[in-house]
């Protein structure tokens, strides 16, 4: 019996669309024929709003883009402004930024591991991932008083210095994460169900991944070594010794492994940055009302989700003329249809999860 | 300054190849801060993108940026400048292609060359109202289909809609 | 004992008991599940209502009771209303055939701890519990919505496929016990001195996996896979009708756990019924042993749910047709051969 | 790993048992969550809770109505008016409206305040039951935090 093609609406309220994403699916029984993401449910007009704020006032709003990695957004925006205004950031501030950004990467990847496993049905992993992430959020709270929308990086440096007790606390947190990670790996790595749900699912070849503009862990899982931290080092990333983990197959399982390995690498980077923390100021002297002569700057960083870039145009006033954000989730989501076609409906959930999208960043 | 950003002779060579190929359609070109920056006539955008991709090896489109030059129109009163940022790796080389387009004018779509331009062009269309010819599916991406106006244009009010609150 | 008591009061009391017993177990199970899953995830879980949150299921039920009962306009009202009843009824009816212990003697009167005993009780229980698939597909279809329909289709395929290994493994027990009477099966385990679960571990494992699949529980909870199908076949249900589906699922789990205990773990027998040194274990009433064993399997359900990811539909079907059915067939042949030779 | 060991491991469900062992261990280990209204996890010293206006040791208000916070705020939370009384040395606020529903807790107001008048309290319960409950006036800004729970949601009030 031929089964009629069904149009299926997944979202905007659905347990696993990670926010208010709507997917218009066309399925033949359970096989996916077409996927069309419908965006805009969270569109707040950030880019328009930024044009009416001073350079400094934009920073806390960047927290609300990728709310799972707010410090990465802060960092990308501040680096772009500093490039435009020619502000030299003290070495110590650069190291503090690295510590914060890598902790944020840890938090984001741990949360991702939990979400992803929960989408596949392993609900305990969600809580284990969050438990480890909670430790990091506690560090952020200790550092500057907020957990999620941290606003810890300012134009010119970081909001405050890392003091000895906080450094000690970060070190204990770093020691705890591998233990939690070991639990997660014991639950998932070898598990036959997990492997069946992830190995070979949502494959994308290296060439296709580049064509679709994929960045971040999904791209590296396809075997393309593109990591902004290493290729165009910013904020003293060149000082640290770390590896860029690569996958081979470009499937969901490789994305999982790449992210887990990135967690280990981030722990290494934070350790090195804390060990080598130079003396100096934690921020450059930057006037609160920053006036930047006309110009344009583009700066990219490697955020947990992928390559995050800001283009900023100044017009001589204290407000930017135009800020354009290159959001990794937005571009990564484009390849969803390519990965999902011909797979089963259940896999859409896993593939979507493996891309690690955040709707705050997609809809801006 | 990291090694990747130092001025490199091959960039200049690439720029020369571009001007040699498209001659007077290249309005200005420079190599600054480790990236090629050129301003092109809109007519040669499609072949120029193809040239960058196929012959210079810029395999990825990093970003597509539109700016509304409301106060100071460029190139004979054209209102928008559209910037294509290309990336070449390994090697971490960037290129910046700028074209100008007037209100009501259109640009050739970059999707046949860089498939990742798909949503970026839809966003530009949604936010600025620049049509891209040859785009497979040019619809609004963020705003509702029946929304009037293009929010990121400078004359669009920050609060409310066109024609008042 | 007057005939009135023997013929009216006691049967009515038993009928009430056979409704109450699963319901109480369901309430305990719902609390156990939420609590144990929470503890396994490093959370505290519900601990507000009553001591350690034991009254949480009651609070849930009260909440569901007062919820608006929504029947969407396009739904087939008759089937939509009948399906929760059908699901609930099938698992409750099966409890009539589940013995809770040896008959008790009060002077001349013998009180049996079951409502109906049948020489083919095993088949009847399996048959009745499968009726719930009608409720599921009626509910999924009558909702006239896409997610419930997909959930219902998955559920039917899944339950029907897993019936085969269940039947084949149950047959091995029937072979060894030479009976399909549930009471008789337990008595045979007592007389032979070994529980069938240890005698035929393959049968037990296959039966358990199929049983988890048939009750639509994690990791086989595809018909209601929340990350994909929202809530599966009962997406459109609310209020008490949803509660019916919910309770029926748990009642079904209790039923399956009872069956596992009866078939493979000696029902109400204390451990090691054959070992004379452990005779003192007989001092504990059989019903307690029975409950302890059932609770263990209910715990196992929850434990598995807290640990594993969810199978995908095709691998679920592959598992049963390529692994479980051949395995249970081979097991069946071996048991039959051994039984024939001995 | 040899193929035999691999298939044996697979047959005896070693991967599954490892997973079960992890959940069982967590089952018996310490719990992370706390029973919230009774036990409260204390916020860090630098916690950015509801901002509050402070007075000095003599009970004099610290705020001099310089409106630095109003200018620094990116989301227009503040509406401040100051007045210099006859003979007084400093300006004092006569109107200090602060809108919780607009605040993003970025901390600019606290950073720019020249007299340290506005500082963050540790109050993290931000929900209100009415929309006008999210608008705080001058006298409420001095009470913010512990003393102002009536203003906010009653559901999660601390019992201890």
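All chains are identified by letter, namely A, B, C and D, in their written order; residue positions are counted from 1 within each chain.
The criterion applied here is as follows: a contact is a pair of C-beta atoms (placed from the backbone, for glycine too) under 8 Å apart; a residue touches a chain by one contact, two chains touch by 3 or more.
These numbers were taken from a predicted model, which means no experiment stands behind them.
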Shortest contact path, chain A to chain D, counted in steps: 1
Any chain in contact with chain A as well as chain B: none
Which of A-C and C-D has more C-beta contact pairs: A-C
From chain A, the most remote chain by mean C-alpha position: C
Distance from chain D to chain C - Cα centre to Cα centre, in angstrom: 48
CA centroid of chain A to CA centroid of chain C, Å: 45
Whole-Å separation of chain centres (CA-atom averages), chain B against chain C: 63
Multi-chain contact sites of chain D, meaning residues that touch two or more partners: 16, 19, 22-23, 26, 32
Shared interface positions of chain C, touching two or more other chains: 40-43, 306-308
Arrangement of touching chains [line / ring / star / complete / other]: other
Pairwise chain contacts, counting only pairs that touch as defined: A-B, A-C, A-D, C-D
Parts of chain D lying in touch with chain A, wherever the complex brings them together: 10, 14-16, 18-19, 21-23, 26, 32, 43-48, 72-74, 104-108, 112, 120
Touch list for chain A against partner chain C, complex: 6, 8-9, 14-16, 30, 117-124, 126-128, 131, 187-188, 191, 193-194, 196-197, 344-349
Residue ranges of chain B in contact with chain A within the complex: 2, 4-5, 59-63, 65-68, 71, 83, 85, 89-90, 92, 94, 96, 114-116, 118-120, 127, 140-144, 151-152, 156, 158
Partner chain C, residues of chain D touching it in the complex: 16, 19-20, 22-24, 26-27, 29-35
For the chain A and chain B complex, residues of the former touching the latter: 39-40, 43, 45, 47-49, 51-52, 210-213, 225-226, 231-233, 238, 298, 300, 307, 309, 311, 313, 315, 321-322, 324, 326, 330-331, 333-334, 363-364
